[in-house]
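Each chain carries a letter (A, B, C and D) given by its place in the written order, and its residues are counted from 1.
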Amino acid sequence: MNTEETMLIQNDKLHEECGVFGFYDNDGFDVAHMTYFGLYALQHRGQESAGIAVVGENGEFNCYKNMGLVSDVFTESILKELKGNIAIGHVRDSTKGGSNRENSQPLATRYVKGTLALAYNGNLINSAKLREKFEKNGAIFHTTVDSEVIMYELAQERIKTHSIENAMLAAMNDLEGAYSVVLMSPRKLIGARDPHGFRPLCIGKMKNSYILSSETCALENLGAEFVRDVEPGEVVVIDKDGLRSLKSPRAQKRASICIFEHVYFARPDSEIQGASVYEMRKLMGRRLAKDFPVEADLVFGVPDSGLCAALGYAEESGIAYGDGFIKNRYIGRTFIQPTQEQREQAVNIKLNVVKKAVRGKRVVMVDDSIVRGTTCANIIKALKAAGALEVHLRISSPPFLWPCFFGTDVPSRDVLMAVKYSIEEMREKVGADSLGFLSVEAIEDIAKNMDCDYCDGCFTGKYPMDVPKISE
Amino acid sequence: MNTEETMLIQNDKLHEECGVFGFYDNDGFDVAHMTYFGLYALQHRGQESAGIAVVGENGEFNCYKNMGLVSDVFTESILKELKGNIAIGHVRDSTKGGSNRENSQPLATRYVKGTLALAYNGNLINSAKLREKFEKNGAIFHTTVDSEVIMYELAQERIKTHSIENAMLAAMNDLEGAYSVVLMSPRKLIGARDPHGFRPLCIGKMKNSYILSSETCALENLGAEFVRDVEPGEVVVIDKDGLRSLKSPRAQKRASICIFEHVYFARPDSEIQGASVYEMRKLMGRRLAKDFPVEADLVFGVPDSGLCAALGYAEESGIAYGDGFIKNRYIGRTFIQPTQEQREQAVNIKLNVVKKAVRGKRVVMVDDSIVRGTTCANIIKALKAAGALEVHLRISSPPFLWPCFFGTDVPSRDVLMAVKYSIEEMREKVGADSLGFLSVEAIEDIAKNMDCDYCDGCFTGKYPMDVPKISE
Amino acid sequence: MNTEETMLIQNDKLHEECGVFGFYDNDGFDVAHMTYFGLYALQHRGQESAGIAVVGENGEFNCYKNMGLVSDVFTESILKELKGNIAIGHVRDSTKGGSNRENSQPLATRYVKGTLALAYNGNLINSAKLREKFEKNGAIFHTTVDSEVIMYELAQERIKTHSIENAMLAAMNDLEGAYSVVLMSPRKLIGARDPHGFRPLCIGKMKNSYILSSETCALENLGAEFVRDVEPGEVVVIDKDGLRSLKSPRAQKRASICIFEHVYFARPDSEIQGASVYEMRKLMGRRLAKDFPVEADLVFGVPDSGLCAALGYAEESGIAYGDGFIKNRYIGRTFIQPTQEQREQAVNIKLNVVKKAVRGKRVVMVDDSIVRGTTCANIIKALKAAGALEVHLRISSPPFLWPCFFGTDVPSRDVLMAVKYSIEEMREKVGADSLGFLSVEAIEDIAKNMDCDYCDGCFTGKYPMDVPKISE
Amino acid sequence: MNTEETMLIQNDKLHEECGVFGFYDNDGFDVAHMTYFGLYALQHRGQESAGIAVVGENGEFNCYKNMGLVSDVFTESILKELKGNIAIGHVRDSTKGGSNRENSQPLATRYVKGTLALAYNGNLINSAKLREKFEKNGAIFHTTVDSEVIMYELAQERIKTHSIENAMLAAMNDLEGAYSVVLMSPRKLIGARDPHGFRPLCIGKMKNSYILSSETCALENLGAEFVRDVEPGEVVVIDKDGLRSLKSPRAQKRASICIFEHVYFARPDSEIQGASVYEMRKLMGRRLAKDFPVEADLVFGVPDSGLCAALGYAEESGIAYGDGFIKNRYIGRTFIQPTQEQREQAVNIKLNVVKKAVRGKRVVMVDDSIVRGTTCANIIKALKAAGALEVHLRISSPPFLWPCFFGTDVPSRDVLMAVKYSIEEMREKVGADSLGFLSVEAIEDIAKNMDCDYCDGCFTGKYPMDVPKISE
């Protein structure tokens, strides 16, 4: 098998690194099950590994994690073992740190004050530097993930402070980058968000119990009520006395949420920083229809990420909305990829064109982004083979031109299609009849629906904080 | 956990029993991989077990089957063991015969002429009678599935005839009911369809190699060309001399295809008896819009089976089409259901309402059918809780009133909602503001797009052949 | 890896095909657990697959079987599912019929009178003929094992008789060869032994409950009392009325038990036909010492089958008994064999010489038999390398010269060392300083301790019944 | 199930904590396979988990470990992934630190100088103190095992020294207790033994490649040559320049090897500190025969640990040696224990008395030790039930009276039978007709066969170094 090619096709989407979840029970809920359902709703943020850690009233920790989907990793009998009144959970993609069991989370370690467990979403800019600092003092690292660096920071700061939440606050002075963290000590559930608030983290409530979650969809899933987002630079502490808050002096006034959460990462039924992801995507599609109108017979999205924007495009343009593709969703543990030779015949085993829908039609296809352009070109080829007369490609985000330092895996610039080619060249390469990207200005207009600022560094090269030098 | 309730919710859809696939290689294709990809495309027809049998030029059979999805059951190393130039494959739901490994297919047995393997989709009306007949002559049965009865028929007829295809033809005199069968002898791939042609079966070609498949979507997946449907009462033989055909004297002129293949079972990108499933579903939606118009702000389908009809409704009515739900598709091997208590809070873990889309709106929700009504009621409750002002339910098939004898698991009449209640009562029970079912006449009109007759016995109680007496 | 060579080394022992067990409860015992412990004690009779079938008072059968050891196949949760008041069990080696799940037992099938399960140890001489007869009447076979042939016989006879035990009796007229069978119908546990009684089968009692078992060691394991052996040609029926017996007119007066049960197959703590296996093996060793005396410093056996005979040799000869080898017994599921190259250095990963015990000594090594001689030669080479001055090999059975038709896998004559070479040539080939086999006469003398005749056809070519022509 | 009782029976033997192994290749051997075979030979030192770490010429580490036997944990495909020219391996029992994957070894961590892997056998007296020291400086611990404490020591010392071997030497100043350690850096294989040399560790050679191993039996297994034992307080470094040695100033002149290695832990075909384990055990048996003679008909050992001593007893006494028991060795992954009720009937599922051997006999039964006495009493009861007239129990070690601080799990004093009862009371409790323990003086005499001192603190309460205060 031509593995490299397969990889391109499989990976030609950005990956979020993680989803985090925490539950502090005051009502007799089964915290492990609640966390299980929470993680299940956050599964789109990471499908590689899943884990849950709990702590009981006696302070005893218990953690189970493994490679696989939430619903593959956990069984009833495993969940039954995870008894406690606080739980945190994690789902992960392996964009950084290597794909193996050691690197899965939550990370549970013993330190001077007992046991501490951590689940984390984000990316530290200075983790190598911090790691080096610790190692020079004799530290050992079992994993290659940032979480362990944060753990060390917490352990070091905890010696100097009188509580874990203050240790977290102090650690914020050293940690540079994006991090939404959920922490669990024997008696506390703690949430923290970096001073710029790159990654989402929200607070929910269910009767008298508290929830922390990467996205609101997990709250919906549980029938919990949304309280508010954790603020940038805020440390939220939940214990027997309820919820209280600390704020880092480094905290920015407004969060710089990653705009790609709205474009692609988050689930459409979530609300991120006050804005519905579903609505935001439809707005993106509407704007595309305004900025890049075209005469066509049918609009459809590339499942699943292009669907909402396609709806918006159809509504604004008045062109009929339809389904261009059937996505095969039966993805077991070990799907066998067709070989290159096999694929040359059968375009795509997971995405089939609905011939009858596109034959003889001029179609508008909406997708969320173009990374390398490979998949896109294959799909358009298949549409034309199925008889589509014209394929007009609309992308609901600006072209990727710059790296991301804050938790997504935008690949190096030399493979980004938009770095190498002009828009017209891209159109030609992917075989579209026309191509339109959402503009940076359009993003700016749409982002006004949120209650915060945003980071669009991957499109503009301008980041809310200093970043390492980018080799051109 | 209130298991019964959970069962209701999980099972409140009909199940097709099986998908079948066969590959006769003349070009050096890897038949096991081809069958794997074929079954992968037919996975929607059965998710309980999967199996592949191959036969090599030396006549050696090899069969592997297990419980689980195609992509869970097979690994590269298993596929590598399955060498040969003919292969047949099967995916199964356990609506009849019990859910266990013994009952999974293909069924490979030894008989007077060596080895024979069979994959089957359908339901025999007289299997108990045939079974009894054989047993009275001293036969033993290892399984509880019809396939073994068919095998016995073939073994018995093979003694009296000079070829397996003639044995199949002779067996057609005894077998009553629905069966689309794929057979493999050491040198032949055989396809057969019952004289009424209840279940689909089509012929494909890929270079010089032949394919048999329940649906055309598997041909598309492989880049193969659609040749034609197997005709009712036809036995198709593929061997080194190419393809030839035999016809049973019992063969009906036109197939009586199960109309529910178009309503729900088949994949939208398949064509069944000359009609696109996608188009047929859209026509059903359009007709619903004509017959049951309503003033509303939004139309959406219940994923996935209601989506195409919803598109048709939207198009015809001019009401905006949208997404009302997010379906969580990360379904691993052992998804843990919420308990009744847990579910009373969180409506549905797998289907979340997109609040922002429905809040303050009058919505039309399109679904393919109502069996017990339980799921439907829950969903409407969730929509209202999310702020939908009105929920107008449209069903793209007539009410289920009668049992199915031909391979789907319409439950007994006493649990069918439409048997127990009037339409108005059903509307009230499910909590909809209005309710419209596609009429039997509408089905008749739409079915004209096919090149055959159809069976709608589950709606009308009129079947294309004699059926057992139905206890009212 | 040189697989062939590895196979020789692994397989250079004969294999018994099976162990059978049955339990009829009258006291409230957990029949599945009892059968589990029974099979565990019979594990030496077959390590490839294990299975248990149970039937409850309502007549419902339940069967679980899989590849692997008893203690690998069954878990508490599986045993808990196997509820009933009758159970039968089986352990198997795959000497015939192919090594796969389909061929594992018990075999549970449906026939004219409901369900019937069977566990079987032995070998039919005329199974091909019977199979052919059935197939010519249209029968189908799912497996390649004799058990299915016996099942067919039973099903056919059952039509003509009024009970399953009479069907078994009638089947005895057709079945030629060795078979010890345990049967389970909804209300009866039945044991049967072929008219010559080649394979052992005994009756035990535990409070008011009955047991059938291949060997008495399983009775000991359970704390049950030994009642008696099932007689040749006897059918024993256990039901609510207790135990009763039927006898075939073909029944021989005295059993012709396979003498190799005493030499090698049975467990030393079993009693077979009134004689202790432990004592019989010691007698064999004693006789070897009388017939083949030698001056030496140490006697030891090849673990485990040579140990008892070595004890006898030591006792009779007065030479010190010791341990020559350490056998590594940690045999997990997937032990990786060393390659040929690796083995050329490290003689044997599973059998290590105790250097200190043999260095500078003249040793007598006792083994139960020589098949191909390969292992034996390797072991002697290792002993010499460890410093043994002389190695005198004593074999507690006569040379293998003829095939076995009754359930053991004596390989074809062309690989039997004793067929190809004289005793002196064998001695030279294996590198021993002297070599003595137990004589056929000695066997005759020792066998007098049993309450029956015996079969030693593999040594003499004379069998208690007609056998197929042997190609020289 | 009465779990507690079951535990007693299962655990009524001491457990060694670990076996370690290392391989430095200079000849092109496959280091992972070599380590696999080495660990397989050391399996008796730990059956709970197994692991192998390798490092390639490029410095890349790879480690695989899991719960289970060596032959369960590793498959060919896993071994193939473990490519390199240095390897270390580990087998473990979970007597301390908890039984889970996190605590399995080798432990591979990153530190200031790259990667370091460690496999360890022993027990630190001051690990809690060291752990506390590190934690007070902000360290975090992922595991609860001593190995991680040693890792921290090494990481801390490595900062101050110029090589890992010097770091190991420096660490010896802080580490108190027993430790035989195998270390692997990108270019070196290092072995170290604590200054008292409690646990064995030896050096082997195979062509030009070097081996480190807990016992010599692993060398035998590979066909490697024994070079010498690692000395107490010695650090042995193997790299491209061959083998060199450093010595701690704390090194004792003679090793204080744990005498229980000879009594029970080590494999009989190993040589520990110049003495054959097989011979030592026979000497213990001989001495028992001299000190506790008895008139009897049969001597046998409790398999497997009592067998060698029983041979010695038989030789010295002239009483016939035999087998009293059959040990069922088919121990799969999940052997199901009989319940208390079940066990009351069937004495012991894994150890069956050979009735014919003991009936009507006065027997001497030799075992290695008595911990709680439970198993012993059960066995004697079974022997008597089988008809043994007298049972004379001989124990090849002195009574356990004191705790072990150096790597074995002698339980707390309140459960030790010898602490609670006099010898005569013990005899009565276990139901023996006479009882003799090897005396401390006898141990002293026999130990002279070794080239070192020894620790018998568990018998005498006198240890070679200061130990924590023992609560009486």
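Here is the rule we use: contacts are C-beta pairs under 8 Å (C-beta built on N, C-alpha and C of every residue); 3 or more make two chains touch, one makes a residue touch a chain.
Because the structure is predicted, anything quoted here is derived from the model rather than measured.
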Any chain that touches chain D and chain C: none
Centroid-based (C-alpha) most distant chain relative to chain D: B
Contact-richer chain pair (by C-beta pairs counted) among A-D and A-B: A-B
Inter-chain centre distance, chain B versus chain D - centres from mean C-alpha coordinates, in Å: 60
Centroid spacing, where centroids are CA-atom means, of chain A and chain D in whole angstrom: 49
Chain centre separation in whole Å, for chain B relative to chain A (CA means): 36
Multi-chain contact sites of chain A, meaning residues that touch two or more partners: none
Chains grouped in pairs wherever the two touch, ordered by label: A-B, A-D, B-C, C-D
Interfacial residue positions of chain B with respect to chain A in the complex: 33, 36-37, 40-41, 43-44, 47, 68-76, 79, 206, 217, 220-223, 267-269, 271, 276, 278-279, 307-308, 311, 314-315, 320-323, 326, 328-336, 338, 342, 345-347, 349, 352-357
Chain D residues touching chain A - in the complex, by the definition given at the top: 101, 108-112, 116, 135-142, 144, 148, 151-152, 155-159
